[in-house]
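Take a look at these structures.
In what comes next, subunit A is part of two complexes: it sits with subunit B in the first one and with subunit C in the second one.
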Partner chain A sequence: MNEPRFPLGAAVQIRRAWPPGHVRAPWYLRGCSGSVCHIVGEFGNPEEMAYGRYDGTKLMLYRVRFRQSDVWPDYAGTPQDTLEVEVYENWLEPAQAEAAA
Partner chain B sequence: MALRINISLTHTWAMTMDKNPHMRRHHDMGGMEAGPVDRAEHDYAPWEKRVDAILRLLSDPKRRILRVDELRRGIEDLGPGAYDELSYYERWIASISNMLIEKGVISIDELGRKMAEVEARHEAERAKGGTT
Partner chain C sequence: MSDSHEHSHPHGQPHPFQPDIEDTPLTHHQLLELAVGELLMEKGIFTGDEFRRTLEDIDSRNPADGAKVVARAWVDPDFKARLLTDTISAAAELGVDAGTIPIMTVENTPDVHNVIVCTLCSCYPRLLLGLPPDWYKSRAYRSRVVREPRKVLAEFGSKIPDSVEVRVHDSTAELRYMVLPMRPEGTDGLSEADLAKLVSRDCMVGVTLPDSPLK
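On to the complex of A and B.
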């Protein structure tokens, strides 16, 4: 397995990008910051495989934990509530300092 | 000339995307208002099981005619109307059919004739008072 770009606990942000086609980053999470809570492993890139292309290259998949209150501006639950989503490395970038807490 | 038109179209499109950063595709509905969830279990109809089996056979490592990622892309590309109106396995078979036509595994003509044949058979069975 290749070395993951983002280690466990890293503060990451889902890229703010809006390409057409088959994408694997939920719309509502683009631009949101969270932290890596599990490194799932490497898999073929589903965004390529969705179009019948697979050249054998692997892409790291992470499980990222978000605070619900960071995702939903009007979230009514407790501040401890979290959401975990699996996201491929191409959709992640280092979180900006303000959200890294 | 054609190139110029292309560039200006791409440019306009990119600008529009920029102005609408919240562009969301219909199927990408996480977090949207959805009402209560129906948790009732139900039995699968024989045709639904058959659709499931068809996908498994098409995607098994030996054949690898279709990957689940392609199935999913095909479902997303059905468009908002069909996405909402079709049932779960109806979406599957619609996507599978489109994919197999795209890949040249079956032809539209072949599929159309087969569908007419099956429909006629069902009609005949119904006329005989059979339960279909």
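On to the complex of A and C.
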């Protein structure tokens, strides 16, 4: 197994990108910051496999936890409510990068 | 053929017939699904018989398997620990074949209530819980439960106290999710089989809570 780029607890952000085609990062989370809560393991990249382009390389998959209030500025629940989502490594970048930019 | 069917409607009043499924044209993706299926059979990847058997197997799964697993977890803490680590192996201990796609069991506690959705499509632990209900696949559920989960849960009759964290799991990739609900009050004397009866499909998706027999 390749070393995960992001350790457990790392502050990460889902890339703010809108490529066309079969894309597996939910649109509503693009640009949102959260933290890695689970390193799931390596899997074939479904965004390539969807087009029959799988070459055997593996991509690390994480579960990332977001605070709902960070995802939805007008979130109506309570401040401790969260959302967890599976995100492949190609969609993640360090959360600080955006803050510093 | 004798015309023994007694027509109760006066003539001249046409009553609506149930539409045939062929009355609506196939969508692009339904057509694609048929075409790919036929191609795979033509190429000998699998036979029509194998295809039918697989569909029959999927259709035969139902939430009772999941309920059995939950009930065991309620009575056996060691089993619960194994279930939370490796759901497929734990289910196999009870003779339940939960398939090969990894399933993650998320545990409700006094502090956290879990609820499952797949916003991208309709990923669901089908081999453990059977086919998903239609509402699970609806755009309304998929878009709203990530946006206003407490409101959606309230519409299902589930009022989650503000002191409890609502944790939504968006099942977008390789894992499928099942909620392990909390064992309801007033169930101390119940057998494992009776406990399983309290566990509905919807509480393993996380939109409801198991009923307490005290209610």
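Criterion: the second predicted complex is superposed on the first by the 96 of 101 C-alpha atoms of A that agree within 3 Å, B and C clash if a C-alpha of one lies under 4 Å from a C-alpha of the other, contacts with A are read in each partner's own complex, and residues count from 1 in each chain.
Methods note: contacts are C-beta pairs under 8 Å (C-beta built on N, C-alpha and C of every residue); 3 or more make two chains touch, one makes a residue touch a chain.
Bear in mind the structure is a predicted one, so any value in this text is a computation, not a measurement.
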item	value
Superposed partners subunit B and subunit C on subunit A - clash or fit	clash
Which superposed partner A:Leu61 touches (first subunit B, second subunit C, both, neither)	second
Which superposed partner A:Ser69 touches (first subunit B, second subunit C, both, neither)	neither
Touched partner set for A:Phe43, first subunit B, second subunit C, both or neither	second
Touching partner for A:Glu86 - first (subunit B), second (subunit C), both, neither	second
Partner chain(s) touched by A:Tyr28 [first = subunit B, second = subunit C, both, neither]	both
Broader residue contact with subunit A after superposition on the shared chain, subunit B or subunit C	C
Contacts of A:Arg16 with subunit B and subunit C, given as first, second, both or neither	first
First (subunit B), second (subunit C), both or neither touched by A:Thr78	second
Subunit C-contacting residues of subunit A that also contact subunit B	26, 28, 46, 71-72
Interfacial residue positions of subunit A with respect to subunit B in the complex	16, 18, 20-23, 26-29, 46, 49-52, 54, 71-72
Subunit C contact footprint on subunit A (complex, rising order)	24-26, 28, 40, 43, 46, 61, 63, 68, 71-72, 76-78, 80-88
For the subunit C and subunit A complex, residues of the former touching the latter	119-120, 146-151, 162, 165-175
Interface residues, subunit B side, partner subunit A - complex	17, 20-25, 28, 30-31, 67, 69-70, 72-73, 76, 103
